[in-house]
Structure formats: structure tokens, C-alpha cells
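Think of it as A, B, C and D in the order they're written, each chain with its own count starting at 1.
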Amino acid sequence: MLKTPAIVLNVKTYAQAVGNKSLEIAKIMDKVGKETGISMAIAVQATDIKLVSDNLSIPVYAEHIDPIKPGSHTGWTLPESVKDAGAVGTLINHSEHRLKLADIDICIKRAKELKLDHIVCSNNVETSKAIATLKPDFVAVEPPELIGGDISVTTADPDIVKNSVEAVRKIDSSVKVLCGAGVKNGNDVKKAVELGSEGVLLASGIVKADDKEKVIRDLASGLL
Amino acid sequence: MLKTPAIVLNVKTYAQAVGNKSLEIAKIMDKVGKETGISMAIAVQATDIKLVSDNLSIPVYAEHIDPIKPGSHTGWTLPESVKDAGAVGTLINHSEHRLKLADIDICIKRAKELKLDHIVCSNNVETSKAIATLKPDFVAVEPPELIGGDISVTTADPDIVKNSVEAVRKIDSSVKVLCGAGVKNGNDVKKAVELGSEGVLLASGIVKADDKEKVIRDLASGLL
Amino acid sequence: MLKTPAIVLNVKTYAQAVGNKSLEIAKIMDKVGKETGISMAIAVQATDIKLVSDNLSIPVYAEHIDPIKPGSHTGWTLPESVKDAGAVGTLINHSEHRLKLADIDICIKRAKELKLDHIVCSNNVETSKAIATLKPDFVAVEPPELIGGDISVTTADPDIVKNSVEAVRKIDSSVKVLCGAGVKNGNDVKKAVELGSEGVLLASGIVKADDKEKVIRDLASGLL
Amino acid sequence: MLKTPAIVLNVKTYAQAVGNKSLEIAKIMDKVGKETGISMAIAVQATDIKLVSDNLSIPVYAEHIDPIKPGSHTGWTLPESVKDAGAVGTLINHSEHRLKLADIDICIKRAKELKLDHIVCSNNVETSKAIATLKPDFVAVEPPELIGGDISVTTADPDIVKNSVEAVRKIDSSVKVLCGAGVKNGNDVKKAVELGSEGVLLASGIVKADDKEKVIRDLASGLL
């Protein structure tokens, strides 16, 4: 499983992270991760999983899996297929791709069955707790209103991180908590860990940066 | 655009068509297509588009695109990304992945903007007609109740094909019609063309066959 | 069927239109409609259909029906039930409640089977055309970006109305066109008819008005 | 809050429970409930809430509420409106109407805010537990594969009931558990309580019965 504390990048479907561009970002993370010893992972679009995982040793995650088994599910994301393409993990229930509760349960079970690491996103303390009962590897709490914004969750709403950590721990201390939304620099990462989380999930902070390496090094510095 | 008449395979998320297995199926189609001169295409999972298109010259389609532009859409299928991975076309609104009308409209516009061939699936004559007004490259009519079944739509319900062809032609004669559901052999393909369609969309008939090459050759024979 | 030209109010789920408040609004429309001879209808929440239709003669519509037949569909809106409660018609595919194409087809067929008038909403000329092929009673074109806004579609984008009317007429001249979004006064209604539509579908213009009777009278004046 | 143990009927959208037919069923339950002292409630379609609650004293529930506040939500089910129509409670996340986790959270909060009793449905022990963390009044565990079937969950899968009761109690002992699926007679109800639940949620067992009163009396006998 992903070593923690960790920095997990979700490249979403940003124009700056399609195909070879996702590979370029992953290369920088891979390099900085190796140099600094900081644990990093990258979640890329289904189309790019193989490209990135074939060429690099950084852990590659899918951005999503659907609650399905092999069969007649045209155009949906089969857990077996992201694994086969080289993903070692997956996001589940991202704020931009929310699932029904019964389907989160299925996705977690499918991920476990395939030994895919899984980070299940929540939007507040209550849903963090609910997800924790399903025993995922990680819960990543991200207040939707702060996603893509300028202020880090660790500054704008530190309590949501602290309280999620506490609530999840009380449900199941083996479930790790990440936090995200607005995370942009090393201070944000440092604060995230101080609040009890095991790292951050971020997106635009890296993907939209002009000097991505500088940002990634700065983020890593928060864990040194 | 895809030369017609054509045989289009949708491998869905069948266990028999994940990763290298989709490449193996595509290789046979590529070979038989070249030998016979019959136009063929294969729609594969997003994870496998690059694998197949990098290695073969058969036209590769996505099984689905989402009605989005680049941006914050974690885990959804960006049209730009399937194109970047090597797809030259896409299915839209497959019976197992139906879209809202307003989103079919967006997907067709996005496919045109990116010069992606697009086969928009319909479930009856009425929706074939409705889709035709949106001027897609292809409408593929597939009665959902016959999909995956033992009897070809061309035998079980030839009128749905014939009437879709007529209805679509009346709306816009530049829109081509495919048909699908239960298609398994050369006779079914031959009949599909006799009913006025420009070919077939099929899935389990090939994917679940033990001797895939034999089935593909038989299908092709229907167009010779 | 609803006499045209007509003014159709959709009260949505506004706080100002729950329960007896929807009845109060309907009473004013009923009164002004009778006095002026202008055809009016009101679409209310499922919970309020019986209340309004039992007490008034103004045609009452449902705001939505689901694409279902009687059976196991807990919490969905059965067409038979809105009819039984007193609705004589229904909206379908409102911009805030969009349906899959195959389900619009089913809803229209179910409405016809039950002799429920039906106004199917579209978001642009293309989807107006697609819907027209399904032969509904009405297509109501409403650009989503103008809904709830301050400028009437008839001023902000008269072409969408004019072109929808023309496109629909070309597909099926028996399908009537309404228009909506931002409609607030008699001039907007007058303009709607001049652009070729058979009336307007509106919501906040009436529901959020302090003096609802004044607004309704003003709207009616556009058709006198 | 609903007195327990209780028998809760969900009439779904069965043809046998539209309009006055739902009132007739509710009348029998009301009568039997009063005679026997057994706590009963009925969940009816949104269109029928007012009809039933205006005429009877049996607690009336909505079958569903949407995760919305008053505003622009055409055709969705506003919690305020089911309350205004006379509902004292609501089902949430029924197996036939599943919600995203974040939306279950919102629905429960909205129900509490409006003092609506709420029975949140789960499909297995895991989701029962997850829902319990959200502190609803009731969790009703119903294995989807047994719903509408001939064998009661209490016979077919007693462990799912027992284990849900235990799991929920461990999370929050103030949350009550109901069970459902295939429940048809007094023995099933008796068994449900013996397994630790506070009663049953059922549908076809009553709605499709020829002699509804006989069935309701038999069900009640399980709690005497």
C-alpha cells in the first residue's frame, strides 16, 4: 500500500494533463519523489494509465472505477481493466464523480478483491465517518466548495480535517485519512499532517502551475 | 470516415477483451479486414485505446465519451483524451450507457469538433429519427431486449432496421445507419445490408466465440 | 388539449408555491384567465396536484413524470398517479430535470396513452428538432443559461425561438412550440407569439413577484 | 417519532395503490392499528400524501425526498412539500431509489431540520453501518434480491437482520433498525423482532393481497 505521508495528484481531465502531458507531470513527481524520499502517487485518466505506468515507477492510480464486474457494461470503467493497464490503486467517489452509497460499498469490495489501493473521497466529517465503516485504505476529505480554489482546506477549514481524522480513527483506526481542496504549497502539506492526516490529494495546484517542478518540490518540502 | 459497409466490434467490458486480449481480437480483425477488403473497426475500453491503436492500423473507437470539455471532471471520459490515445471515433449513447438528450447533442458536437467518427446508438425507430436530426455520422439501432441474445435483430425484428433506415433517410440522407443486437454470422450481416443498413455493430458474437477468427471471417463473408 | 396561445406557469419547488400557496397562485391565474379569455395552465409539485385541481378549473399539469409503468418504483412519479390526482398534462424533460433520450420517448408515449397533455422542454434548436420527431403536443424551448434570469429569451436570443419554431414545423407541423426563460411581462409574451411560438412557459416571473395578480394581468395583456 | 415495534407499509407505485386505492389500504391499517394497538405507518406516493393524511390519523410517510432546499428544482420532491401535504416522515434511499452518499447525508439533515421521521434503507450489513453513522431515526435493511419475493428476509437471510442490528447498535444505539423484503405474515414479523429489529417495512405482501385486511391483521398478530 501507498507509503505515508503521501502527496497524491489527481490530474482530472485538465487539458494540461492529457496523454504525454500526464506522463511529463508524472516524470517530475517520480524524480522528486525519488530524490526526496517523499511518497507520491498520480491518478490519471483511464486512457493514460498504461502510458504512465509502463514508463515510470511512481504508483499510478485510476481516477475512478465503476461498481461493475466483467460483462456487458459498454464505456464504463472496469476495475480489472485499470489494474491490467498498470494502475496500483484508484480514487473512488471523487466529489466530481459521486457514487451511490451501495456502489461505494461495491467499489471498495472490488478494489480489495483486486488488491487495488483505494482512496475514497468524502465531502464532510459525516460522510468521512460513513465511509470509514466500509474499511477503505484511505478516506480523503475534500470540502467541495474549496476544490480548485485559492485557499487550502488546511487554512480555510482546519476543523474538517481534524474532526475527520478523529471520527475516522474512532470508527476504524486502520483507515488512513488524506485531505484536499486548495492545497498549493509545502505549508499546506505540513499543516495537513499536523492536523492528523496522512497527506494530501491535490489537482490544480500542480496541474495548472507554470513551473510544475518547483511546486512539487515545495509540496514535498512540507513533509521533510 | 469509416468506409461502409462495415463491421464494428464493441468489446464492452468483457473479461475476454481486457488489455492484451483486446489487442489479440483487434489483430485478427485487422488481418481479416486487410485480406478481404472489408471495412472493420473496433471499440475498446478507454484503458486499451492506446495499446490497440499504437500497434495496429484498424480504426479504433472509444466505447463512450462524456459531454465535457477539458477541466475538472475527475474520472469522466474526455473526448480529447480518447483522440489523443489514438481513437479515430467513438460510440455515443450505447444502450448500456444511455445519455440525456441534451448530452447526446453535446457529445455529437464535441466529436465533430475533434473530427472523431461517431456512432450514436438508438433503441427504436423513434429515437433513431430523433438522433438523425442531430446529424451524426452514424445511427446504430439496437433493440435492447435483443442485445447479447441468440437471435439477430435482422431475423427477430427486421422492420426496426428497415424502418430506421427509412426514417433516418427522410430526416437526413447523409446520416448512415448501422444495426446491431444478436448479430453472429455472415447471414446476419448480409441481411443487415439488404435491409438498407450500412453494416453491423456487434459484441458478444465475436468476443465470446471460441474461434474468433472463424467468426470474423464468417461475418466478413456476408459483405463479400 | 391546452388552447393556444397560452401562458403556462411552472411553480417549481419555490418556497412561495408550496401547498396552499400554489393554490393561491392558481386561483389568480384561474380568475384572470376567465376574465380575459386567455388560456392559462399551472404546473405544480406532485404533492399539490390534487389540492389545486380539486378546487379550480384551471388546467393543472405535473412538473414531471418518470418513464415508468405501475409497479415497484418507490418514490418515482407514476404518470397514472398524476392523472388520478387531477393533472390534465405534464412537463417532460425540464432543464432542471433532464431525461435520457430513450426515456423522453417513453414519457411521451405514456402521456399519450393516458391522454395527458405534454410539454417537452428543449435547450436549443437542435434538441427542439430531435424532440419534435417524437410527436409531442408541445416543445418548449428554454436556453438554460437564461432561466431564472432578468432578460427574456425573446429579447436575449429571439433567434432560438424563431429557429426552433421553423425547425419543429419542418419536422412536424402539428407540434406546437412554446418558449421560456426570463419571461416577465406582456411585452415578452407578445414578442414570443410574434416569433412564431404559441405562448410561454415561465416560473420565477410570477412566483417571485410581490404582486402576482398584476404580473399575471400584464402577461395576459401580451395576448390580448 | 413512530412508536415501535412497527409495521410500515410502502405502497410504491403499484396500480393497486394509486389515489383512493391508497386511501382504502390506509383506512384498513388505521383501523387494525387502533383495534390492536400495534403501531403502523404507510408510505404513499407524493400525489397521495394529502389525500391520506387529511382523512386518517395513521402516520403518513413520503416514499422519497430529494436532497434539495426550496428553489429551482422542477419536478423533484421537496422535503418541505411532503411535510406541508401532511407527511410526518419519509423513506430515504429505498433500494429502488438509491442516492449518492453525500445526498443521503443531506436528506437526513433536511428531514431532521423539518422534524420528519426518516427510515433510511440499506442493502446489507456494511451499508447499514455506514448509514447508522449519519444518525437517522431508522435504518431499514432490505436485501434487494429478496424484495418482492416469496421468502421473507427473516427466513432467507436472518443473519443480515441480526448482524445489521448489532452493527448499528455498536455505531449508535439510538438508531433503530427495521427489516424488509418478502415479509408476508405474522410469523415473519415475529421473527423480525426476535432478530432484534424494531419491526418491518413491507410492500407487495399487503398491496398485492386480495384480502388486505386479513393480511394486515395477520401481520399485526406477530407483534401481539
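Throughout what follows, a contact is a pair of C-beta atoms (placed from the backbone, for glycine too) under 8 Å apart; a residue touches a chain by one contact, two chains touch by 3 or more.
Every value quoted in this text rests on a predicted model; they were computed, and no experiment measured them.
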Report summary line: Contacting subunit C as well as subunit D are chains none
Requested in this report: Note whether the interface between subunit B and subunit C is symmetric in residue numbering, meaning over half of all numbers used appear on both sides, and answer same or different.
Outcome: same
Query raised in the report: How far is the middle of subunit B from the middle of subunit C, if each middle is the mean of its Cα atoms, in Å?
Result: 37
Query raised in the report: Whole-Å distance, subunit B centre to subunit D centre, using C-alpha means?
Result: 44
Query raised in the report: Which residues does subunit C have that touch at least 2 chains other than itself?
Result: none
Query - Of subunit C, residues touching subunit B in the complex - result: 93, 98-105, 122-124, 126-127, 129-134, 171
Query - subunit A-facing residues of subunit B, complex - result: 10, 12-15, 18-19, 43, 45-51, 62-64, 68, 70-78, 80-82, 84-85, 91, 94-97, 147-148, 203-204
